[in-house]
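Could you have a look at this structure, given as structure tokens, before my questions?
Chain naming follows the written order as A, B, C, D, E and F, and within any one chain the residues start at number 1.
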């Protein structure tokens, strides 16, 4: 449909590799922390990915939202669940979140079609 | 301990009543939407309160954080679960979130002591 | 000129319809509140649209800015008035707003040309 | 009532004088620009103060909100008008704005009592 | 490589000229202040451009980041220095900054290739 | 003067200890990353502390600003240098930063008096 998913994924992977290859060890450590934050623990991965999704929506970062929707779909969350999370983000973050909801809904469609 | 909980709750209740008594119907409707966002649905109330907590932490609103910690404790979430949610907020939002984590940890202590 | 207006409007309409068709009633209610906020009342629609425009600029949301400029032009605000609103946003929000001013100025041109 | 107005005004005046006395000419120029932004022009001072108020609310700065409410009351805006502006800020900025609305409503009361 | 640099520079110059030609004197003054902020003084231009870069990263403005990287390269800062500044922004601003780091790294590559 | 420095330092130390004692290893790792970000490297500690200060100002976090001013004074930066950094933050972040500048100027005074 919108065909924005594949370019996003390719750019993301290529630039992450470039950043990690820069030799800055602190940035490498941050990337590891970022990955660990969503691992199963006292809270489930499902809950943590939803936390990442809503945090990304209220902070209004389209790329972060796309990444967390991809993960949410991979681990089996339903559209109804995702839209309830969208609503929490919308109420907390206000109408300024709506353009990011539009992007989120478009990416969710594109991911489901694959 | 810090004795910030009770003044917060009293000011919150008094001013919410004042705002709702102002006669602005749209604001009243928004307050209703805000309450509904955390109701049990396709996602549990536990998950939704954690979403509200993490959204409040990354947007760095101490009062909102205190409110959601109160709710999280009421519905039975453990400290270990709350600290995992704190960590997601810290990683997503960065060190700028740390002063709000300090406040969150202090409020959590005060709530547990009651 | 930049031809960004039409694609924005089409994507906006299509995705709003999709979001409203998702069946999440709370999101539908939020969209209604969003629309009502700019209705004539104790403040004029002109003033409220300018409030929406400046809020969108300081929160740095290009799509929201484009939407409010469209509305401001429809209801008869002049460029001189819009640039004074731009200046308030610039002073309150700082130089980080400048890229969004560039976008706003380009969209204003494109809207005036139609 | 809350008696927060006078300490705010005294601290504001004292520290503004200190900052302006620091000898940094660029900061002095910025303060002049800040003042000019609300001067009567193609938009009225009333409209511009409301723009400053809503920008301050969505950016969630209590001190800035207090300052603009003071100015709005001085130039004759009514509570009904101010609450409509509050509502625009609430819808655009979301529930995260609510603690700042509580502060705004308390300061408005304190200002009206004087 | 990504070929985003030239379109950015052309759009930036064209729209800055348009905004400055609008006749709003306050906006013209703001643009002058913005330029002066990075002039050699008690702090070096190198330090000030790095301040502008990190401020732009934590506020997550790609265009501002691109502009400051251009300036940093012009005045001789090394990649190692820039990546240490990237790391400060990443730690302060959190993982939400990562998409902007990817953009920054891509623009830095494109600038070095010229 | 304002006597806000000592309570800030005591609360900061006590709550940092409490958070680190919670047993959440990821949070402990983040705190280590946060400390490392300001270590001497390709950029000097002076430059990095100024980066932390300006990032904290534009993100409008009083506690973070106070901490970085303390560090800047410890490592020998002058008031003139600090005010030039304040100005960069003011221009980038806008008038919404001014209340945080007032706090910064007050804390700087209190630190110098010790």
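Annotations
The working rule: contacts are C-beta pairs under 8 Å (C-beta built on N, C-alpha and C of every residue); 3 or more make two chains touch, one makes a residue touch a chain.
All values derive from a computational prediction rather than experimental measurement.
Separation of chain B from chain D in touch steps, taking the shortest path, is 1. With centres defined by CA atoms alone, the chain at the far end from chain D is A. Counting C-beta pairs in contact, the pair that comes out ahead of the other among D-F and B-E is D-F. Overlaying chain D onto chain E using CA atoms gives a rotation of 180 degrees, to the nearest 5.
Note: centroid distance chain A to chain B, computed from Cα atoms, is 23 Å.
Distance from the chain C centre to the chain F centre is 36 Å, each centre being the mean of its Cα atoms. Centre-to-centre spacing of chain B and chain C amounts to 30 Å, using the average Cα coordinate of each chain. Shared contact sites, meaning residues of chain B that touch two or more other chains, fall at 26, 30, 33-34, 37, 55-56, 58-59, 64, 80, 84, 87, 90-93, 95-96. Taken as a contact graph, with one node per protein chain and an edge wherever two chains touch, the assembly is complete, since every chain touches every other chain.
Listed in rising order, the residues of chain B touching chain C in the complex are 26, 29-30, 33, 36-37. Of all residues in chain D, only 58, 90-97 touch chain A in the complex they form. Taken in their complex, chain B has these residues touching chain F: 60, 79-80, 83-84, 86-87, 90-91, 95-96, 98-99, 101-103, 105-106, 109. Against chain B, in their complex, chain A makes its touches with residues 33-34, 37-38, 41-43, 47-48, 50-52, 54-56, 58-59, 64, 78, 80-81, 83-85, 87-89, 91-93. Only residues 11-12, 15-16, 18-19, 22-24, 26-27, 30-31, 34, 37, 55-56, 59, 61, 63-64 of chain C touch chain A when the two sit together in their complex.
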